[in-house]
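Take this structure first; my questions come after.
For reference, chains read A, B, C and D in written order, and residue numbers begin at 1 within each chain.
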Amino acid sequence: MHKIGIAVLGCGRIGRVHAGNIAAHPRAELVTCYDVAGAAAAGLAAQFGADCAGSVEQVLSDERVHGVLIASSTDTHVELITRSVGAGKAVLCEKPLDLDLARVAACREAIGPLASRVMIGFNRRFDPSFRALRERVAAGEIGRVEQVVITSRDPAPPPASYIAVSGGLFRDMTIHDFDMARYLVGDIVEVQAMGASLLDPAIGDIDTAMLMMRAESGALVHVNNSRRCVYGYDQRIEVFGERGMLQAQNRHKTTVEAWGGERTRAADPVEDFFIARYAEAYRAELDHFIACLESGAVLSPGFADGEAALRLADAIS
Amino acid sequence: MHKIGIAVLGCGRIGRVHAGNIAAHPRAELVTCYDVAGAAAAGLAAQFGADCAGSVEQVLSDERVHGVLIASSTDTHVELITRSVGAGKAVLCEKPLDLDLARVAACREAIGPLASRVMIGFNRRFDPSFRALRERVAAGEIGRVEQVVITSRDPAPPPASYIAVSGGLFRDMTIHDFDMARYLVGDIVEVQAMGASLLDPAIGDIDTAMLMMRAESGALVHVNNSRRCVYGYDQRIEVFGERGMLQAQNRHKTTVEAWGGERTRAADPVEDFFIARYAEAYRAELDHFIACLESGAVLSPGFADGEAALRLADAIS
Amino acid sequence: MHKIGIAVLGCGRIGRVHAGNIAAHPRAELVTCYDVAGAAAAGLAAQFGADCAGSVEQVLSDERVHGVLIASSTDTHVELITRSVGAGKAVLCEKPLDLDLARVAACREAIGPLASRVMIGFNRRFDPSFRALRERVAAGEIGRVEQVVITSRDPAPPPASYIAVSGGLFRDMTIHDFDMARYLVGDIVEVQAMGASLLDPAIGDIDTAMLMMRAESGALVHVNNSRRCVYGYDQRIEVFGERGMLQAQNRHKTTVEAWGGERTRAADPVEDFFIARYAEAYRAELDHFIACLESGAVLSPGFADGEAALRLADAIS
Amino acid sequence: MHKIGIAVLGCGRIGRVHAGNIAAHPRAELVTCYDVAGAAAAGLAAQFGADCAGSVEQVLSDERVHGVLIASSTDTHVELITRSVGAGKAVLCEKPLDLDLARVAACREAIGPLASRVMIGFNRRFDPSFRALRERVAAGEIGRVEQVVITSRDPAPPPASYIAVSGGLFRDMTIHDFDMARYLVGDIVEVQAMGASLLDPAIGDIDTAMLMMRAESGALVHVNNSRRCVYGYDQRIEVFGERGMLQAQNRHKTTVEAWGGERTRAADPVEDFFIARYAEAYRAELDHFIACLESGAVLSPGFADGEAALRLADAIS
């Protein structure tokens, strides 16, 4: 069987997750790695028996490479997408596309129909529970969707240095919830937000937020975000419709429940953060990318989804 | 033991609930009933061995009556409050105070310090779970409150005739959630809303709504409402803070859970509607009213709470 | 409306619960009370405006009394039942009938067909959740019943003085579970037990037990018991059958769930003990007794049920 | 890094699970496979790039092989264990050791101290939730253990041909629960059982069972088993002690809960069967085996554990 060759650009935390998944995928092969910090790429390459490229150019000219996984810093995404699709590669790019909507639009115009060769790493679409929830909604289990409630709270704030370049909470964190809203109810026509700085005013950005959105379908969507959540990475979705409600609940580390004099039926904390919480989602996301490359199917979520989420963040920033 | 004598003005559905609770209260006595529809009052009086008054005047001049429970139609509340406190009676008045904030303000000015003799029937404050939740928040269990999510969905829409005079969804339904928000996080300084008419456009009012509020304390509050919920009367509260989260979940008719080939751990539908769901709350509300009359404590929630909730509804109507 | 007159014999803890329920029942009247400790009867009578009888004879000769609620000490049950039905009264008698199977048989022979006038206070049959569970089983929701698991743990051991006269754990505690097993799967044809003394060997009785039973229907039943349970009064039932499983879970004081750094989704302790846990069951039990007196229906659970449960306890003692 | 070389003997369903885990383990290498059905071994070998051996002798003389994973039919276990440890290999052998206690004892005597080189595949000890439960018990969270309730129901009966050679329900199914009981409370000194044939009498074995055991520690243990469970593979453990209770609940496919007019909070069916339910346990079991080979630690659960579980099955057969 011919395996799909993949290159990883950017060998930081999330790049390493993807590299491990590629190496473990039965129909994919981790061909080569690249990072501006050469040591990071070399270490990852050694771990999985892949090559370590000295430049992006070397990666993109490698005929064994069918797809490029872009996990580098956000400000490089647009350029790497443009060059990769230009070199005939398919792309799976981490979100967000960029912090600047104008640059995204320029990229879209530059690559034209090759945008169909770009998949955006909205990993939550591939979470088994969220996916099952959407499929059941699509199958009509609860009829027309009227309300969606998305809870998304990080366990702990990122370093101030990250926030300084992240584009702020709406672009680095809510971006996922914008995409989840669109995944569940389609295009959004109205958005309002309230933000607050309750944790550490020195950080210069809001850390707590609530949003309301109206979908073209008529459904209303609520999102709540926090940069800090002591019981873990709080990730829940509720979809309410004319014939019932579906909720995707948090995932706990074990199924153990404790009963004592003070509290009963007490579960474990929820999964720490995205790498543990969405481990299956990252694998399923990659599997979808591979399957699309094999079948020639259009990649999804695509460039337009990345741009739409960013546009919503822009609308309230 | 000297019992506290109570009169019920308005002998419809909720008046009958209150009358039953008064009759069953060990330290209260249902003295007399009145309704513009005399037969309703007569039936209720006979059921509980109380008198049936021929006029409000007769009720208010009855020296056995210490407190008046106003459960008549909303447009009579202001007048009955004014007359009752003027006659030296304490009042427990169903929400809302009135649909017109100007009339409420005029009433407040008219009764002056006697406003302290008026308690508003915000029954949810007396629900054992919501009360426990608030007490635990007040005791500091989750530290500073940062977010509140209030879910409040009725099982089925009221008749169009009701909606025509109810003041609309924000005044007849969200009014409870405004009060709950204030009960949990104090005064509200900002409110935004999105409404939708998804169920029956002919009804001439929204039936689905989402709100965001900002409290003076800094906390953000989300409310979602629907006029129709197939699994029962959905009444939940989530309070998120710096050291954790407290959720008051729905109440189910039994504790039975069913496991089968399609679904597992399936609970019963939730309580049908407010009379069943808040049966304990109505009893506790009355008990609080009685205890205040006995001790001379200030009645709470008071006139100002009723006015504040209405002001929030006005702000988005 | 003519009310059903009831007398209470035995004015201790459980007698007071019943007296309160009788007084609050819309179609019953607490006529008179009696206790060998006259002051206990006098206090209860005064609380509910009933008479205080000076002797059992006085109670049984009172024509206003239709039914007698026997809540006196176990060793008086047989005599009071015999005298009460002889005086033409219906009886609702607390469990157990007696500790001595021979005395129970003699009583049965003595009263003959009047046994149909005796209802045994197996309160758990009237718990709304257990009742719903049985009705759903009877309606065929899970097909043939194959296994039953009954968990029944008291919060704290009774005083040694109680255990000295209670007949031991199987007769004072498991007796309820024997009846529950029969209520759910019918007659029992085989029983095995393992007991252990793990809490306080000085008490002279086992405090921990497990049982297995085989019903005539073929179903197997497990019971576990403990005299001490730190998280409250643990009362659960699981019924497993060919098409699924039904579980009646514990009842918690509120619906509040707490999420923190150590534990998530933590509920309150369960209800403390039988008076709180089975408050609704005691009311429903009385209501059933009243309704049977009104309609002339055969009382159930009846004398034979009381005897059958005691026979199972005897078989393993 | 030098990898631990492993051979798989027996390439049926469970052998393939183990082979996949070995191949994916970062510090292990699947060296060779063998099966009496050569095609099964060849297919597996090809899938993972391993050798395919023509005989057990060839496997055992292969110097690259450090450990042998025995997943062949039960009647071959004793011989393969004896030969493997004789050839200097460590062994991870699927349960049960054998159906005949005398053969097991003979094997034990034959291999003498080499028994310490044998690990038994009691996979459930490695389930993350059961393991966490045991660790919390061992850490004293609930004090002395007084009662254990083990629920273990298969989704569907095996073929009659399997039951004919399996040794019966106690040896092929309860064997896991015997080991789990010993894992949680140590040695068992008394066991009683009730079996029933409720599903298909033609099968010639019981299909439903309940057991009670007493541990040397004093704790009582209940086990319930069924060959058929419509809602999936029911695998739960409850441990009750002096300071509380810990329960390991079932695992569901997703976290989605459904609310509708008939049922609320309904979860998915539980995992289908052992390969899905214990996927993580099989990986952790192998990882433990590898880690022991690396460190030289005594293998556990060991030969004596396999023999003890079989002895309990024998006691009630």
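We adopt the following convention: contacts are C-beta pairs under 8 Å (C-beta built on N, C-alpha and C of every residue); 3 or more make two chains touch, one makes a residue touch a chain.
Please read all numbers here as calculations on a predicted model, not as lab measurements.
A.B. asks: At the subunit C/subunit D interface, shared numbers over all numbers used: above half (same) or below half (different)?
C.D. replies: Here the answer is same, because the shared fraction of interface numbers exceeds one half.
A.B. asks: Between subunit A and subunit B, how many degrees of rotation does a Cα superposition need? Round to steps of 5.
C.D. replies: 180
A.B. asks: Could you quickly compare A-D and B-D and let me know which has more C-beta contacts?
C.D. replies: A-D
A.B. asks: Return the distance between the CA-based centres of subunit C and subunit D, expressed in whole Å.
C.D. replies: From the centre of subunit C to the centre of subunit D is 43 Å.
A.B. asks: Centroid of subunit A to centroid of subunit D, CA atoms only: how many Å?
C.D. replies: 38
A.B. asks: Can you compute the centre-to-centre distance for subunit B and subunit D, using the mean CA position of each chain? Integer Å is fine.
C.D. replies: 58
A.B. asks: Two-or-more-chain contact residues of subunit C, please, as numbers and ranges.
C.D. replies: If we look for residues of subunit C contacting two or more partner chains, we find 230-231, 243-245, 250, 258-261, 268.
A.B. asks: Give every residue of subunit B touching subunit D within the complex, in rising order.
C.D. replies: 230-232, 250, 252, 258-270
A.B. asks: Mind listing the subunit C positions that touch subunit B in their complex?
C.D. replies: Interface residues on the subunit C side: 24, 128-129, 132-133, 136, 141-142, 243-251, 253-261, 268.
A.B. asks: For subunit D, which residues count as touching subunit C in their complex?
C.D. replies: 144, 146-147, 149, 151, 153, 190, 192, 194, 196, 198-199, 208-212, 214, 218, 220-222, 224, 226, 228-231, 234, 240, 242-245
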